[in-house]
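Once you've had a glance at the structure underneath, I'll fire off some questions.
As written, the chains take the letters A, B, C and D, and residue 1 is the first residue of each chain.
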Amino acid sequence: MAKVLRIGVLGCGRIGVMHAEMLARRVPGAELAGVYDVVGRAAAEVADRLGVGAAASAEELLDSGIDAVAICTSTDTHPELIVAAAGAGLAVFCEKPISLDLDDIDSAVAAVDKAGVLLQVGFNRRFDPSHAAVRDAVAVGALGELHLVRITSRDPAPPPRDYLARSGGLFYDTTIHDFDMARFITGSEVVEVHATAALRIEPSLADVAEFDTAVVVLRHQSGCITTIDNSWQAVYGYDQRVEAFGSGGVAASENQPEHAAWRRDATGLAAAPIRHFFLERYEEAYLRQWDAFVGAVSTGGAALVTGADGRAPVVIAQAATESARTGHPVSIG
Amino acid sequence: MAKVLRIGVLGCGRIGVMHAEMLARRVPGAELAGVYDVVGRAAAEVADRLGVGAAASAEELLDSGIDAVAICTSTDTHPELIVAAAGAGLAVFCEKPISLDLDDIDSAVAAVDKAGVLLQVGFNRRFDPSHAAVRDAVAVGALGELHLVRITSRDPAPPPRDYLARSGGLFYDTTIHDFDMARFITGSEVVEVHATAALRIEPSLADVAEFDTAVVVLRHQSGCITTIDNSWQAVYGYDQRVEAFGSGGVAASENQPEHAAWRRDATGLAAAPIRHFFLERYEEAYLRQWDAFVGAVSTGGAALVTGADGRAPVVIAQAATESARTGHPVSIG
Amino acid sequence: MAKVLRIGVLGCGRIGVMHAEMLARRVPGAELAGVYDVVGRAAAEVADRLGVGAAASAEELLDSGIDAVAICTSTDTHPELIVAAAGAGLAVFCEKPISLDLDDIDSAVAAVDKAGVLLQVGFNRRFDPSHAAVRDAVAVGALGELHLVRITSRDPAPPPRDYLARSGGLFYDTTIHDFDMARFITGSEVVEVHATAALRIEPSLADVAEFDTAVVVLRHQSGCITTIDNSWQAVYGYDQRVEAFGSGGVAASENQPEHAAWRRDATGLAAAPIRHFFLERYEEAYLRQWDAFVGAVSTGGAALVTGADGRAPVVIAQAATESARTGHPVSIG
Amino acid sequence: MAKVLRIGVLGCGRIGVMHAEMLARRVPGAELAGVYDVVGRAAAEVADRLGVGAAASAEELLDSGIDAVAICTSTDTHPELIVAAAGAGLAVFCEKPISLDLDDIDSAVAAVDKAGVLLQVGFNRRFDPSHAAVRDAVAVGALGELHLVRITSRDPAPPPRDYLARSGGLFYDTTIHDFDMARFITGSEVVEVHATAALRIEPSLADVAEFDTAVVVLRHQSGCITTIDNSWQAVYGYDQRVEAFGSGGVAASENQPEHAAWRRDATGLAAAPIRHFFLERYEEAYLRQWDAFVGAVSTGGAALVTGADGRAPVVIAQAATESARTGHPVSIG
């Protein structure tokens, strides 16, 4: 009978709790083995609710005989924890971004490679069935040669102020998903970045954020041009769309409404809002992300989202930041 | 060079004026040759506007050297005018229904057959590209063996009281289109009719109408079951949908919105009303109906909607009326 | 702190296993307390996988100190188990239909009433957010006076032969959900039933099924007319739609696709199939159904789907069966 | 009674013939008064078919007692013909662009102003009901403060080679419509342009075209950022969409399918292609454009698309061309 993968969760913030709950109940082949958070009370609450232990330190959890770890702590602590987990011989799932610092990423990935463990980075959107269907259309050649990609990624509301102050800003925290998506959909590296950005939503954000609204144009090695548009305040919900256009046609993933009912009267059609935030929209993607992790670890296969996949979007985010500040395109790669 | 078909229009009510305008301007291979209406002023207004003559009588128009005639007068005058037109050797387009009386229909069709002229009955919906696509899916076998058909046909508002008094009621005036559509989509004759009907919209209609809301279930020779639902008051517009279901899949025609824009805010989606009435919704169908007529007359081909197609829905309407009154299914054919 | 409801599951067939899994992991305020099946191996497999005990008999489970029971056994055993559970003072969730026999239903409901326990019948579709939105539009008066309701309910494939032989047939097993939906949407009792039905899908079903395709027209006390159409073989997926039409407008619930991506080339648009069967389509409804049960038991509130709601659709199913056989409408109530 | 506006058409290419046919038959308050083309046979064919005269020269048509003129000749002849028409005291409709040369545009507009005649430039998309609905949502404040606009404008196939050689290229011939749309939707002037472009469709276009695929990012005075994407080869049809996003929500115009029918089988959904080219998609917009012209001339009102509206997109096209060549953003205004 197949061994069940025992996975510990480091970090019990919003995303860590979500992963812990999924691992505790909804991921075949995996079980939650324990949790840790720098805020002991946060870890205790989750541990109690899910019937596991709360470790007194990250080290304690890493050394508790688990098979793998999910790193969901604040970004600045990721590299060090990856190195420690790799040193303990654990398979590692790490939330995005690995780090804002390329040297730290390189050290972490080197440690993983040296230890010969698996590292999977949390670009969950790759596992969304709708986005994946667009990518599959590209990959099988149904769209011919790819000319244009368009990614819309708008949050329903800005992150909390204290989170913002530590997050690295729009390009590192939000657009990073879209930089990954651009690479995922096209299958081609980015060679030039041009960003146009502004602070539009709320003047009071100015002391913790440089930009809250942006358009980023990427030129890929293949010649494809990708356009990303972002906002931190889409009052109508979590707007997540991808479109790919090529010599053979077009494919796109649309938003999903909260329900499938509508109403008509003399004034027209009324229907439901789109799903409001990432837990609703990407629940299936998060579950499939764990299935992929469990599958890769169990079979000794390669990660579907590697350390290199975790590094590349950070390089693009750096270039986007520079471009948005100077107004000029920035070459990379 | 191809001869242009000179067509006269009898009857300058709403539908006659529409046909006259189309023939005057928008039907390649045809031209409006003159008009007549029992209300002289109505004919004069149209004639003047469209630059043709207004005949002093139906006979005068029929004998004016035209090639064909469009009969758009009140239903009770149709058979007599068909006979006269056939006698004059003219190709005949006649609005639906040919008559409420089967004997009159038979006499008119016999006159047409004897004269060897073409008769096309005005079941315009057969020419709607969306409904026709559903029928084509059935006809080419894409849906396999047909099991269920569903027709929704709801007017935005009841007809005027004086029109209602002469129209023969819901089944003869409104559902007659759906009875034709049931035969058109399935390609199979109706053998049993069960109607459930009521007067729901407005008590004041009671003295001119027996029913304003109905569900009619038809059993076809092929075994297919068709369900029609009607109302004279769909406040959201002219609701016209057809769905065909079989062993191989399903096909349907949807309503079309007035425009293709939408808007989202926190309360959800808002979009345009559907097209409000038959001129907007079926404009293209009416034009294609004339193209078919001109084509059939020019090439000596058969009518796409024959006298037999004009007769069959009247038989079904009789059975539906009886069934709605008695509550029991009525066999026909 | 709120007490967790300990629920046992009787019957480990497809639907019982689904309920057991949900109760084990995904229903806040509830936990799976044990299972039983007449096929011991079936119960043992589920019990083992979900970490609970498998009882040796229904009685053993009912007497094991649980708070509530989910009856998911074959229909003929429902009444007896309801009586036993009520006798043990347990809250009861019972899958639909309660029974094919009205006297047995009445006895079971009487036992429940006498014991003063809660009985909720498994009409899960009431808890689907899309259907519920249509009902809410009706209930708040957004559609004005209700004139027409239309329910489409088509299974992707016929039930297994051995299941069919015991199920009571199309009207008792499949349409029973739609009879409930008609009462739920309209809020009005059914007074007349007319069914048109046939065996169309597969001649070999003839020895276990009388009908596999049907149209049922219901007249409600309120004057509303509901049309239901059913098939056991919609090759394109599990087709579940409801539409309500009234003097103020129209509302409808649509099918949901497996994902939200599409593709266009010169031949047109291609998009995903609809969700294939009830576990995919109604997962959220099943979870909400349990939330409602837990809420009602915890607060001492009334069931949202009562014994009377379980009885009424069986009466309609009887009338539909008679009508389909005789061809004539059948009055009830 | 209202005077009918007699309008002559200069230029009998594809677009001139379309205008002549509309004016001859479908524009209330206007009539076609004559046509001219440098290729006499082209003018004669149209004149004969529509029952008007073909002038021997542009001057002859301008002096023939007409009220207004539609200039549909090749772009390089526009300014001279505008000046001549203005000198003759005629109201002028001129196809876009007025000219590729700003000085020529200025001279033409000056002549129009001096003569006190009306000049309306042929930016037909402003009159499309779907795009106009998006603009109206912006204009009435339904979207709050505007942050992002997105325009997709993709032709089904590249223009003919000989047309390309004279057209000024992608930005002057195709994107010019989108530059106008950006100003129309936002109501704000463009202050910076950044274009990323490539030649992707067909290497053989290289000797007549610099770019066939482009993304243009515009920064408006208001702070809004508009993104345009273009291709000359959307094999799935004429892709024309606009989306506007602001602090209050989002609005968009979608493509319209050729018909409203769909089909489902086990492989999913299939539906119709979008309308294939500009005559199908923008027919209603072209008719409304003429209604606006007739209305403005008849009432002495201002043009809805002025000389200044004709000039501004040419300035943007110049900047886009420079940006695409240098890779750097270009400031204007």
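Here is the rule we use: contacts are C-beta pairs under 8 Å (C-beta built on N, C-alpha and C of every residue); 3 or more make two chains touch, one makes a residue touch a chain.
Quantities reported herein were computed from a predicted structural model and do not represent experimental measurements.
Trainee: Touching both chain C and chain D: give me those chains, sorted by label.
Mentor: Touches both chain C and chain D: A, B.
Trainee: Taking each chain's centre as the mean of its Cα atoms, which chain lies farthest from chain C?
Mentor: Result for max centroid distance from chain C is chain D.
Trainee: Could you put a whole-Å number on the gap between the CA centroids of chain B and chain C?
Mentor: 42
Trainee: Could you say which residues in chain D touch two or more other chains, in rising order?
Mentor: Correct list: 235-236, 248-250, 262, 264-266, 272.
Trainee: Quick check: in the complex, which residue numbers of chain B touch chain C?
Mentor: 145, 147-148, 150, 152, 154, 194, 196, 198, 200-201, 213-215, 217, 219, 223, 225, 227, 229, 231, 233-236, 239, 245, 247-250, 327-329
Trainee: Which stretch or stretches of chain D touch chain C in the complex?
Mentor: 235-237, 257, 262, 264-274
Trainee: For a test of understanding, state which residues of chain D touch chain B in their complex under the given definition.
Mentor: So the residues of chain D touching chain B come out as 25-26, 129-134, 137, 142-143, 248-256, 258-266, 272.
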